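Below is one structure, written out as structure tokens, with a few remarks after it.
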Amino acid sequence: MINWDEQERLAEELLTRLFPICRSITGNGLRESLAIIQEYTEFNLVEYPSGTQCFDWQIPDEWNISDAWIKDSSGREIVSFRKNNLHVMGYSEPFHKRLSFDELRPHLHSLPSLPDAIPYRTSYYSRNWGFCLTDRQLGQLDQSDTFEVFIDATLAPGSLSLLESIIGPPESNEYLVSTYCCHPSMANDNLSGVVLTTLLHRLMNQSLKLNKSYRFLILPETIGAIAYLAHHESIMRQSSGGFVVTTCAGPGPFGFKTTFQGNHLIDRVIRQTMREYTVEPVEYPFAPDGSDERQYSSPGFRIPVASITRDKYYEYSFYHTSLDDLSFVTPQNLVSTLRLYWSCIQKLEKESTFRSLNPNGEVQLGRRGLYPQTGGALKQSAAGEGDKIEDGTSDVLTPRQADPVDAITWFLFLADGEHSLLSMAERSGVPFDQLYSIALELEKQGLCSAN
Amino acid sequence: MINWDEQERLAEELLTRLFPICRSITGNGLRESLAIIQEYTEFNLVEYPSGTQCFDWQIPDEWNISDAWIKDSSGREIVSFRKNNLHVMGYSEPFHKRLSFDELRPHLHSLPSLPDAIPYRTSYYSRNWGFCLTDRQLGQLDQSDTFEVFIDATLAPGSLSLLESIIGPPESNEYLVSTYCCHPSMANDNLSGVVLTTLLHRLMNQSLKLNKSYRFLILPETIGAIAYLAHHESIMRQSSGGFVVTTCAGPGPFGFKTTFQGNHLIDRVIRQTMREYTVEPVEYPFAPDGSDERQYSSPGFRIPVASITRDKYYEYSFYHTSLDDLSFVTPQNLVSTLRLYWSCIQKLEKESTFRSLNPNGEVQLGRRGLYPQTGGALKQSAAGEGDKIEDGTSDVLTPRQADPVDAITWFLFLADGEHSLLSMAERSGVPFDQLYSIALELEKQGLCSAN
Amino acid sequence: MINWDEQERLAEELLTRLFPICRSITGNGLRESLAIIQEYTEFNLVEYPSGTQCFDWQIPDEWNISDAWIKDSSGREIVSFRKNNLHVMGYSEPFHKRLSFDELRPHLHSLPSLPDAIPYRTSYYSRNWGFCLTDRQLGQLDQSDTFEVFIDATLAPGSLSLLESIIGPPESNEYLVSTYCCHPSMANDNLSGVVLTTLLHRLMNQSLKLNKSYRFLILPETIGAIAYLAHHESIMRQSSGGFVVTTCAGPGPFGFKTTFQGNHLIDRVIRQTMREYTVEPVEYPFAPDGSDERQYSSPGFRIPVASITRDKYYEYSFYHTSLDDLSFVTPQNLVSTLRLYWSCIQKLEKESTFRSLNPNGEVQLGRRGLYPQTGGALKQSAAGEGDKIEDGTSDVLTPRQADPVDAITWFLFLADGEHSLLSMAERSGVPFDQLYSIALELEKQGLCSAN
């Protein structure tokens, strides 16, 4: 059994350590973050040099930043990178000059709708510089003043960094678990995804004899996924599907963004898991927006990938702002999503098909002690209904169980060599794990065999 | 035309004669009941000896009971088999001993939720004995008293009895109609099923030139169906589907338990019949509980069988108690369900495919007297809407009819050699029998031919 | 761009010129109407002689009428063909006699439910005569009077007239656009259909380089369609589908009668068009009533034809009466339906499949100026939502547009050589024409190619 409290403790620790670092799609902040992740579980660091052609894209120069600020004519720092790394637009080029307000204004970004939030902005592929500040700060600038603008950054050939780990037996179906770690100090988007992926990998690597193979990737969004696909074109085309982990620890409702295919094994596994935990997620039909599903599911690959979210990107007002901080997410919420992913992985691991060895009529369960001896009474209702996950709270999740006689009866009725455990669960309402336990027990008793 | 009043009279007679008999899965009560049925229609008696291996099961010893009672220390009969045969747990072994209340208590069954009901309990495959009594009776027992318990029963090698009849031409598709008759004095579960099956067989045997073949079985539940399947493995595997007749005369709503397949010809025939009679049954998706669908639809056979019910087992509070008596059911309710089954059988009988002999453009109905001579007017709405079956009342059922011009136009439009009469009815809303009459009439006029 | 105001002007002109003419399924009124249509666009006149066998039907004798009236004994004209050609039942045989009221009465038709309406009645295939009058007129007749009845008509061998035009390249898929023009002075049923078909043909003939072939037919209902099918059996069997244009200019809601097939390309094109214009039509599932879909979709042809209506036949109270006149329809309503048909035709014309030439991962839109340079901001919502067509008003219709970046992203994501533009539109919600423009633009840029 997994110690979920321990997972919450680790989640909190990782969130706290990783949050302050200024990450981007390349650079030392990214590298530093990946190194911290490697302290917790085994990943390989991969670096692709700047300038490498990857399909329609090129790995850009590496961006590193030491400091940046805007001072008014009195020398007072008005905006400072050291206070919040969101203040500098990602990939801002080096700059140092005194400017009038009118010259400065086009380089300032704020959010009138959230006057106390610093927005998150980038300019990866178009040389530019900029500062992001709260709308309140912007309003307080003296438009007749002049401003000294300083960005101590470098844009130079280097490399793009990412983490990769393949676990499980090499011959089996391979699934993908991918997340992006290019965002600076924001918690739900996407530190939560990075931490969940780290913990999921750690749990699988430690505690499971795996039946299937899993490719874990922690990489910069878009260019990282494209670079990785370009370097693993043939193997990735054979991927059986997987998950893009993102925005999974907010206080809002669970969400489920489906695969491009819509009713793939990946979708069915997620829907079944949600049913078992009596979670009713907001379902988001696939769209080619969001994250790296845009790359993995592109026409050349069509890998079916889905996401389980908690406050999905685009859907919460603090999205891509400084208000998406450590007070917005909780380790408990993160682990509640981790448990759903864990349950999905369990299903991928155990999915298989069984055949009853007494297919003609019912098996006489009574003489095997699997049926009540006295007949005629109404069967009891299901023992436990499971704990419902209340949205916005951190619960101990318990999947509901079906009545044991119902469960075994359904299993044997459907054990025709055609229904997999997942299709049995979908048809019968009996939880997947309960069916799996029955399968093991009945196999031991010589009543069924794997197909 | 069938005399439905006569069917009600016969139903009442059969219910009255069969109700008092103490039936079980074997024994003389069962045999006596089957003999009464044979007075009404032609069935063959089949006996399988105790000890016969049937797939995973063995035919048990035969159980016969003459008397049973509990007396208190004053010699007063507290519980007596002669008052109600439900007082003795089915398959109770012979017993005679004086017991303290504490020794007796584990052998007493009552229903606290229905304090005036004697529950129905059995112990077929685990040697035991027991008494069932009302919760009120149980509460009145003097716990400091001693009790003389007497069960004058035998459990000895004998046989399992059942009725079988195959009607209709031997070469055609074979359908199954099965019911169970192992329950002692209870009316809806399942004397109603026994009586309906008897009357349905009688009607079909008397009045129809049958196009299809029908295998009728009246047998003890579970072990009877398993034994029959084991003795007719190959022929039963070829069955085209059928009906498990049960709990069909209560005051509650019509129910429809689907086949395992869910949208088989059997389901479609039932759904179409319900639509035509404007009955909206409670639909119960298949589950491997209930009755002998558990055997017939087991992985080794997968015969699609469904049930039309009126107060379905499990769903009414008097289920499996002494309150399910002759005051709970009515002959009228029983015959209302019989009429639905009859209509289903009609559809199985007549289902076929026709081809218009003038498929290009419309047939000129006008010059054949099948269309109004004056054009331009709106067509009249359907002549009769049929009588709605009010749940819980006994109605004369009349299926609704479609406008005659609409009906003939739909028929000719769909008579493409691909739409069967049933699929025509489903698509057009025109009742099946109306389409069948049109087919016969147009065939006579040389406008269509059977495909 | 099409001048829709000009279409309204033409619609008004055609409605006004054609309305007074007494049309029937044959005769000079029909011929005169067809000649007027030929002034506006290129059609060929086709004549089939009386007596020609067409499948199950024969072309009837030609009917021509000069005058008809009923006079009372004082010589006062009570009912007069010259006042309204609906007063005479279509195909009334010549008649001149003095009759008592009782003799006259069976030949009089009125509508008690609409006491001021003259109903429309015909008797094409059964020799008879009749007068239609308002129920108020009927009530005012002096039943003790005698009446002189005069019908100056001829029924004699002649021919059935229709218009035919085939436009577009001969090798491509051929679509059908058919309407009926056999109704006398009624506006919505079916002068509106005749005028819409004329204008649609005129627009397509003038302004489009067509990719597909279109067979336009303007013919008498039923016998005209049957006669045409009988003379073009093989070519019509290969038709790719089409439209039966009818009742399309009333003040009521848009309607959509589906094809027999129900989800054919024709249905999908209509549904997609409706979505784009945010019209929610009343959907009428196919039934073998209505108009010439009864012939085109008959078992021998099964051409998928659908109708877009505005006040569909059967559904408005003035249907087939003198109240369906030029005050009931408007040129604006007619042109609103014309625009929907036009948009459907556009989709048939442009429907094709594209393949991204950069299928692996995303295309880097940014460096091609097709993506915002600054990242991180939420995408803007769609620019325009389009004008909703308010039922019963004449709007300038503008289909809604999707966000340009969304639209291009969806296009490239679905450009896998399997999704046609229509299926892209259905899946993505991006309007068809927007996808088509993107396809042309990206093809020019070398980013995609037709499949």
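Some observations on this one:
The chains carry the letters A, B and C, assigned in the order they are written, with residues numbered from 1 in each.
In this section, a residue touches a chain if its C-beta (ideal position, glycine included) is under 8 Å from a C-beta of that chain, and two chains touch if they have at least 3 such contacts.
No experiment lies behind these values; they were computed from the predicted model shown.
Both copies, subunit A and subunit B, contribute mostly unmatched positions to the interface they share, with under half of the numbers common to the two. To fit its Cα atoms onto subunit C, subunit B must turn through 120 degrees, a value rounded to the nearest 5. One inter-chain figure worth recording: subunit A and subunit B are separated by 54 Å, centre to centre, where each centre is the mean of the chain's CA atoms. Of all residues in subunit A, none touches two or more other chains. Subunit A makes touch with subunit B in their complex at residues 356, 358-364, 366-367, 373-379, 406, 409-410, 412-416, 428. Of all the residues in subunit B, the ones that touch subunit A in their complex are 54-57, 89-90, 109, 119-126, 128, 130, 222, 225-226, 229-230, 233, 287-289, 294-295, 297-302, 314, 319-320.
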